[in-house]
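What follows is chain A paired twice: with chain B in the first complex and chain C in the second.
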Partner chain A sequence: MSASLLLAETRTLLRARRTKLSAGLLLYAVIAVPFLLARPPAEVVSAVARWFPSRDPAFALFLFVWFDLGLNKLAALIGVVLAGGIVLDAEAQRMLPIYLAKPITRARYFLTRLGAAAIVFSLLFGGAALAGLLLFPSQVPGFRAPVFLAASALHLLGALSAVVLSGAMAVWVRLRLGAMLSSLVLLFTLIGTAFLGFYAPAWAPALTLNPFSQGVSVLAHIDTLRPADVARPAAILLSMHAAVVALGALRVRRLEV
Partner chain B sequence: MEAIRVEELTRRYGGVDVVDHVSFRVPEGKVFGFMGHNGAGKTTTLRMLLGLCWPTSGRGEVLGCDIVRESLAIRRLTGFLPAEYSLPREMTAVQFLHYVAAMFDMGSGESRRRVAELVELFGIGPYANRKLASLSTGMAQKVGLAQAVLNRPRLLLLDEPTAGLDPLGRHDFLQYIRGLARDEGVTVLFSTHILGDIESICEDVAILHQGRLLAAGQLAALKAEHAAATMDDLYLQLVRRPS
Partner chain C sequence: MPPLLRAEYRLALARGPALPLLVALANLALISWIIPRLPAPVLDFLRHAFHVQTMADLVLLNDYIAIYLLLYLPGAFALTRVFVRPAEEHELDLYLTKPVTRRHYVIARTVPTLTLTGASGVVLALVTAAKVTVLHPPADALAVFTAVVTLTALVLALLALLNVVYLHLGEVDNALLVASALGLAPLIPGALFLYRPDLLTDPLAAALLVLPANLLWAPAWMPTIALASVTLAAAAITGLLHLAARRLEQHPRL
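Entry: the complex of A and B
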């Protein structure tokens, strides 16, 4: 993958309307979280206290609301919006013969598009985390910036699965709408079960391959966070992403235009 | 030296040979007419030459490179303007050309110089920073041609390039193609169903019909052989000839 092409693709995606819309959605989430935390439902407060025992229950509640109610849902939507039509969009708009007539393999084209989507997604989620870092300390009692940043970094890595899965699904399904819908169903299933290990520990081993479970696993270690608590799930997530990307690249190699 | 050599090239889709054992050679430095009406197999042949799709059987070489095993090397040396394409609506002409330059791994300085040259050459200047969605057909075709020659190709594959152009645009386009071959030695494979275009700029032709090659060679010699006064006569004679 050449740096200049990745940069050009990233610039193109940053200028796209769908990226601006995604940024707007994340801004809304940042602004909405303090309102959600102002009067949380009692059952949520007690469930979070059971799942994530912490000396700062308000901080634990905030992390749950921020990652589960806010970012996870948006990750699925934004991942599909940014990567759900990769390659298929160029094919539908009849641009693919021009691009693939250049000295670039199909796999490299796919990887460049996916790489750019991942960079833009990371910029958006990284930007939301930084905005949160400015806004939330004054709103959340017991807010701990290092834990928030570590949890955000791991969550971003988990949420990137929305981009990776949507991109791979696009080239496997080969129908834009079908690929996007399939990605949404899969991603929301994964998100819906992401916290299952916390309230039904017997299920925890089965969720090792759920990237969203790995992405929020830091919440179990809020008071005792060690580097290994981030490094281990990060390694699992990177391996999973590499495998899914490889499957997508393998599929796209046989694409004819 | 031949720019293209194709032997028994065949492509089958759903049990139908859309390109059926086609063999021809394209001499270097000429504008070669690749003629046939819609569905004759021209586009599929061009795409096989570039590795955009693969032959079912047969073989071919472009600029000495095998079309299946060395398609990346071929694409580095060639330019392609497809018959049906659109340009990215949200990009400007300059952004699009820089994007294409990145596909050739051009550095930013080289990319800037080349894009500036092409903007000047094709008179895109006044529209260079407008969204491609807002350009007229003729102007979009200029941007399409600019992307095809951005890498200074040794071989240019043009698929129905004049369809949709007004008479003036068509004239300018043909002049430019003629100049490329004459002044820069670029080989041009000019695929079209517009017989007048072939007659005006091609010395050598291949005529395709229903996936099969009907004739190939020097246009003047083919006309003489078939006692045809015009390109129209030659084409009709060949197409209507019992197979």
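Entry: the complex of A and C
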């Protein structure tokens, strides 16, 4: 990966209107979630207490809604618009042959574009977590910053699968809109099943390869969080991301321009 | 039928509504497999939260969300071919130099997408009604069919609105972000109803806004509601198509 190209791509993406729109959507989530949870019905609190045991049911409910309703859906959308068209957008604008005439291999070009998308995605979601850290302590009963930060870090790693899958899908499907639509549908399916292991614990093993399930696995250990509870799913997620990125890089080497 | 419209229909059919339809059918099958196997407390929670009763209702609640998204998203992506994608790829000027008016261009590129989305909706309505009647009895097949038709009418009206919004966007990525946000917006009252029912205590407001649970609350009224929805959607689509054509005729960048 070329550092200067990565920096240039990241800067370009940071200035793009879609990044600003994404930041606006995340800001909306930061403001809307505490409002949504201001008066939760008793049956919601008791159901969530059953699925995510914690001495602070309100904090467990907050983490569930923040990740499920607030961040996961946005992760799919933002991941697809940041990475779902990489390489194909340059091809559509007839710029790809010019880029590839530079001293850079196709795989490095793909990795650099994907890396820039991942950096911007991380800045957006990291920024949302930091904004939340300022706002949530005063609005969420029983808010615990260390647990929130650990859960946010792992969730970000899981949510990065939206970038990684979309980027790989782009070079495998080769049709820009088809790739983006396929990524979005796949991501929504993964997100829709992310919490099934909490509702029906017998199904949890079947969700090992769902990155969004791994990304929220901290919710099973809210009161007893240990480094291993974050490190194990993080290792699984990193391995999955590496495999998907490798598949994308492999495919892009064989693209005909 | 004008040649351009005929060509666009042929292209839309070739690109195919088949794959999104197959994905939707697979989702309907998956939902019918998963929901009845969820633990009883989860099902009780959903029944209580969304004011529904039967297993068919619980399955349909998820079916309707899947159908809504799987009709809306392919339609929203396909409509980028009207303005956003040709503009981004600098092809719009080329299309508009052909002996075709801008109005005909908008109609030719929009109507096939809307027609195929509507046809997919009718197929999904038939399949969903048959599915719940066979797999999750007792179920009111007519109410289910008309509920999906209502959902389809809403999707078509939203797509026609999106088509106008797209005329203000010049990049596919921005357009898809806006399209997704617009598509998810009608589902927000459902989340509000789950977590803040105190804000939706008025029964009429809840019945109008809490999509898709509201499609399960008055099965006897669904045929009438579907008829009214289709009529309103047809009027909205006609008006919005006219507006899109006018906007393109007066577009400052062309």
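The criterion applied here is as follows: the second predicted complex is superposed on the first by the 254 of 257 C-alpha atoms of A that agree within 3 Å, B and C clash if a C-alpha of one lies under 4 Å from a C-alpha of the other, contacts with A are read in each partner's own complex, and residues count from 1 in each chain.
Keep this in mind: a residue touches a chain if its C-beta (ideal position, glycine included) is under 8 Å from a C-beta of that chain, and two chains touch if they have at least 3 such contacts.
What you see is a predicted model; the values in this text were computed from it and never measured.
Student: Quick one: chain B and chain C on chain A, clash or fit?
Tutor: After superposition on chain A, which the two structures share, chain B sits beside chain C with no clash.
Student: Is A:15 contacted by the first partner chain B, the second partner chain C, both or neither?
Tutor: first
Student: According to the stated criteria, A:95 is in contact with first (chain B), second (chain C), both, or neither; which is it?
Tutor: first
Student: Counting residues of chain A touched by each partner, does chain B or chain C come out ahead?
Tutor: Greater contact footprint in residues on chain A: C.
Student: Considering only touches as defined above, state whether A:105 meets chain B (first), chain C (second), both or neither.
Tutor: first
Student: Check whether A:80 is in contact with chain B, with chain C, with both or with neither, and answer first, second, both or neither.
Tutor: second
Student: Looking at the overlay, does A:7 come into contact with chain B only (first), chain C only (second), both, or neither?
Tutor: So A:7 only meets chain B here.
Student: Figure out whether A:184 sits in contact with chain B (first) or chain C (second), or with both, or with neither.
Tutor: Touch partner of A:184: chain C, not chain B.
Student: With both structures superposed on the shared chain, find the angle between the C-alpha centres of chain B and chain C as seen from the C-alpha centre of chain A, to the nearest 10 degrees.
Tutor: 90
Student: Superposed on chain A, how close does chain B come to chain C by Cα atoms? Whole Å, please.
Tutor: Least C-alpha distance after superposition: 9 Å.
Student: Taking the two structures together, which residues of chain A meet both chain B and chain C?
Tutor: The answer is residues 16-17, 93 of chain A.
Student: Under the definition above, what is the set of chain A residues touching chain C in their complex?
Tutor: For chain A paired with chain C, touching residues are 16-18, 21-22, 25, 35-41, 43-44, 47, 50, 65, 69, 73, 77-78, 80-82, 84-85, 89, 92-93, 176-177, 180-181, 184-185, 188-189, 196, 199-200.
Student: Going by the contact rule set out above, which residues of chain B touch chain A in the complex?
Tutor: Residues of chain B touching chain A: 47, 50, 52-54, 72-73, 75-76, 78, 80, 82, 84-91, 95, 98-100, 102-108, 111, 144, 147.
Student: In the complex of these two chains, what residues of chain C are touching chain A?
Tutor: Its residues touching chain A are 20, 23, 27, 34, 37-39, 41-42, 45, 48-49, 69-70, 73-74, 77-78, 80, 85, 88-89, 171-174, 176-178, 180-181, 184, 191-192, 194-198.
Student: What residues on chain A touch chain B, complex-wise?
Tutor: 2, 4-5, 7-9, 11-12, 15-17, 93-95, 97-105, 256-257
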